[in-house]
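Going in written order, the chains are labelled A, B, C and D, and every chain counts its residues from 1.
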């Protein structure tokens, strides 16, 4: 019994209550949020693998044991989520969007509980708590009406998911009589050889939930809306941390290895179920990429990008090989770091420029140089460029896929990766490069708190890029705890794959040397002078009486218009339309059913009598 | 001591790649001129050009512009040391092909950042075309890479070369013919030669990315192009032509590939950008996929 | 059988004061409201004393006629618990009424409100099926009249619909009682329960159907619930709150006292005697009610009407819980019943305050409420979230238990709960729609809404109660569990406590 | 025939009354007719209750002549309980009717109609 675990849940709840009281004073609310995050991180230092805590809840007529249990996976997730949350809340001290700190703290409590819970009651409780708190958080974006719709949409998806899990939890409970997650997983593993379809059915109930939360195809439709229209300070958390709950759930509830015993293999020795799942991941990755390329709203663009990255993660962990799991978790971590960073820099940019439309921005790099560099490192990571942190995991994912001889899936993932480069550059160009509009002449760099955060994030992305071993070692422990053989980690700088190894520090040394050479060459060669941006091929002339402005020269509208035609089939996928259609259909039925209540006393009496007669007839027949 | 040795080796390889690249481009200019019945410049003209460009005063649009062009040059320089070429193989245990490709991406990113920060729309259009084209040729090329990976059971270029040792018949060119053809077409796109030269299409977008470059910036661009040429043909040699036993044979093989590309370049018109991508996704991708299927099954 | 005759005061005192209120009314109209408040306050205190001092199970014997010969009241866990809930909610609504009831005939409103509370308590307490009828009629008549109260004419229309349907329902119930009486010659619930299988199955089935149909009117089950939307919408908010917070409790209680204790057969899952299993019938009705209620609410633009439909659906959910027949299911049902009463009466009270502040009842009128009154907005949100069964709010635990019980029973209940969960998604949509409107902004600057103390107290107390139950469900959960035992084990839980000497046949 | 009538006539009458009442409630549009219908249903119910306590040869249930109450080991006294129940039911019915009439009058005042089909609010 380690009572420090309960503090991980209780502390944020208390902090949330306090913050809720002072919510009208935004800075106090944010400050308490930040302090609570920091304190929780501090408490987390005293938490170690293997600790557990349980308390009884007198409920359902028996004493339910709610258990917290720290596994390798949970401590990893706890560290990355709380650490990122601390950074984000630190930044949010200077932020002016309508994010409510106390809701974030509620999510933190749920976050810690989800990651530690070893019983389905607590897990479900925390899951639902996280669900509604995040839905309410989504309310209050810059565009009120749109954020309202986004919250509703997200809500419906989230609730549908929870109810699916609800069903699954109790089905397991009916079969085993216990709510313990580990016991139920053990039970599922024991019967999978006999009743594979039955197990698959139960596992699917959980999976729908996790896929919805992670935004995996075909449940991805809420993601762009919720990300784009949530408060700007909340989006980093939504994308970086909250999308990982689904991944955590998949890793936890789905020992996909158990499918191996129940189902025949598809290609490459992967069981059918896993194979399908790999393809779901691949489709998500490609779909997210392709849709991201054509977005104009930058938050939407990166929402689709998150979608795509989670597709990578799912495809990797669905393989359920040591490399696959390692790569999946590693990529989840990397995604957390770089996408969190990107959204934080976006927060900085949007707060300064007041718009999230790519076509309205441009040329901000001179105005916000530190944000610019942070963003640059961020997209370099996201594009998987060594030595930044996104590279190792993408590389491992390809290794894992090739190892299972899945060339088509790998090719498509590669396509997604190249496409990622396209949309990342589009965002980069449209925000920071190109012509600076006169509207932004007065834009300033973020204040000191923001700069500190950005420097820290840049450092983190480079550090974990060059020294991936600090992440790969804990992941190795996770893989080992799943009963797989972990990948060897030779030294902190190594990424060890199946086909070859990479010593990342070598790459960074090579880059350092070559950049030195480049700079030397640059400075020994003839002098240059800086000219204004308008001094380009227009020969310094922008004739305003022709109605020309700097924006006229900013190429960001319809950036990849020529390739749109190529991807036309993708835009015909109307998953969103399907969900909305279901909604409309329900509404129509609702209006029809409402007509039962005609407002006439006689009709009501008539219904009652008809009901009675039907019963009497039924009783007669019985 | 080892470190110092490797450092010197690395710098040497960099210089070599620049020299070979520039020479290739020079020869290429000559050959193209001859095909077009011109006299053409001398093959070493490019060395003069570089020297001339680097010693000219020029204008810049700010530090992002500088940094981008330096990054474009330096990242390729950093990538070239991992390429096994004949007996020169500085880091034999660290030559993963995918790593090299991703490292090269940094150069493209730097270049793109630099020229886009100038604010010239033609440059950005050129970059957008380059990225689009990149998506076009990388897909068939990825198919080929993965076929080779699965076929050779290794992802390290050094090991791929080792697996092809023992004569002409062991070359992947012979063993994976479809893959070779696909990769050859993809190489045409990578090199930016016709029919895939819409990135720098001089008559449409004023040479695209190069529009704002002058003086040493253009020099850096040329250097980048020459190293890129060297790496791309080098990768092809390692993948399909069985590497080489020494650097001269390696360069000769590279030249053969470049020569083929030049020939195609000289006689082809230019694709529109979307035609280029869809062409890449039809014929070469089909070949690559067929090759992958053959390897897997 | 322990005897606790003082408990009759729970019905006696309110009735006595109800009929003497006109005397107080001669002094001051304000005084009548305070008298109501104190009388219900006495009820609340006394019933809480019974509940917390564990005075139950006990029997109130009238005129020394021991059951089964005399009429008796039975205070089991169910009665003690539900009477407490009824009187506490009654008390809170009475506090609200201090502020809300100003126009019209205040004196008679007070009379009716006291009668209403007394009747509802009586339904829960009585041990005699004919007395159940009488108390139903007391509650019924007073609630028709209460529903007709108010300045708006739609109150009258609603009240009339309620009256017609409810009269037919009570007639059916009375016929059923009579049929049972012809068979067994007794009206005592305990004795009927013990001897129920001595009846002719055919006649018993017919009687059961009549009884269930009659009671389903008050329990708001389709197709006997046509009155619900119009009446709830028409009545003033305090009355709507009492209908959904008090009458609904007694209605559901009566339905399942008859179905489970009187007609039921003990077992892991309770079934009924007779040719047709009435628990199944109720389950079908309840599921239909949930679906129809939620779907009708979905396209509703009027918030009050939406809440009315939602009440209907929630009562369906409660009935689903009960109809499972296992201890867990009944536990969830009672828990949900209480949670629903708390949350829904609070929501209606909020609507009342808002209406008084001149806010319309349309969904769009809620736009930007957060700026105008954070207190009401938060309370409304808490109530809505409790309805939806979100964690940290009361509704989570009861919904959890009902779903758990359904899936535990399995079989066709999997489909039942599947439909119910689907309906819950619909419910989530329309409640969340209001909540999102509340927190969205408006262009027009509207003045702040002042909430005076008397309506603020009940709303605050109920909101705190929702969170308290949500965080610490054990307190209510324990009582629900004991109550569930009384329903599912009719001999040990009910009959033998009333008539210790009786032998089940 | 007579015996049949004696045994069944009250039951038949009560069921008919309930039927007639229901017919009125369900078909007539006038509020007062509906109230009358409800009353008729109630009368039917009351009749039914009285009928079950009675049989043709019953005696008064009063202990004046003890030997009359029980014949051949069977109780031949009429059951007094239903009558008391009916009294209660009548009182309740009266209350309901009075209230219904009041509401009816009020409805006429406010809606200006007695047609039950027209007592509807416009969709709000």
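Things to note:
Here is the rule we go by: a contact is a pair of C-beta atoms (placed from the backbone, for glycine too) under 8 Å apart; a residue touches a chain by one contact, two chains touch by 3 or more.
Since this is a predicted model, take the numbers as computed values, not measurements.
Summed over C-beta pairs in contact, the chain pair with the top total is A-B. A summary of chain positions shows that the Cα centroid lying nearest the centre of all protein Cα atoms is that of chain A. Averaging C-alpha coordinates per chain places the centre of subunit A 44 Å away from that of subunit C.
The centroid of the Cα atoms in subunit B and the matching centroid in subunit C are 78 Å apart. Rounded to a whole number, the gap between the C-alpha centres of subunit A and subunit B is 35 angstrom.
Mean C-alpha position of subunit B lies 100 Å from that of subunit D. Within subunit B, contacts with two or more other chains are made by no residue at all. Multi-chain contact residues of subunit C (touching two or more other chains): 157, 160, 164, 168, 230. Touching two or more other chains at once are residues 599-602, 605, 609 of subunit A.
Chain pairs that touch one another are A-B, A-C, A-D, C-D.
The part of subunit A that touches subunit B in the complex is made up of residues 267-268, 363, 365-366, 372, 376, 379-380, 383-386, 391, 394-395, 398-399, 402, 405, 407-408, 410-411, 414-415, 418-419, 421-422, 425-426, 428-429, 432-436, 497-503, 506-507, 510-511, 513-515, 517-519, 521-522, 525-531, 533-537, 550, 553-556, 559-560, 562-563, 565-566.
Contact residues on subunit B toward subunit A in their complex (touch as defined above): 7, 10-11, 14, 54-62, 64, 66, 70-71, 73-75, 77-78, 81-82, 91, 93-96, 98-99, 102-103, 105-106, 108-109, 112-113, 116-122, 124-125, 127-129, 131-132, 134-135, 138-139, 142-143, 146-147, 149-150, 153-156, 159, 206, 211-212, 215-217, 219-220, 272-274, 277-278, 281, 288-289, 292-293, 295-296. Put simply, subunit A touches subunit D in their complex at residues 599-602, 605-606, 609. Listed in rising order, the residues of subunit C touching subunit A in the complex are 157, 160-161, 164-165, 168-169, 172, 205-206, 208-210, 212-213, 217, 222-224, 226-227, 229-230, 274-276, 281, 292, 295-300, 327-328, 331, 385, 388-392, 396-397, 400-401, 403-404, 406-408, 410, 417-418, 421, 424-426, 428-429, 432-433, 435-437, 439-441, 473-474, 477-478, 481, 484. Residues 22, 25-27, 29, 34, 116-117, 119-121 of subunit D are the ones that touch subunit A when the two sit in their complex.
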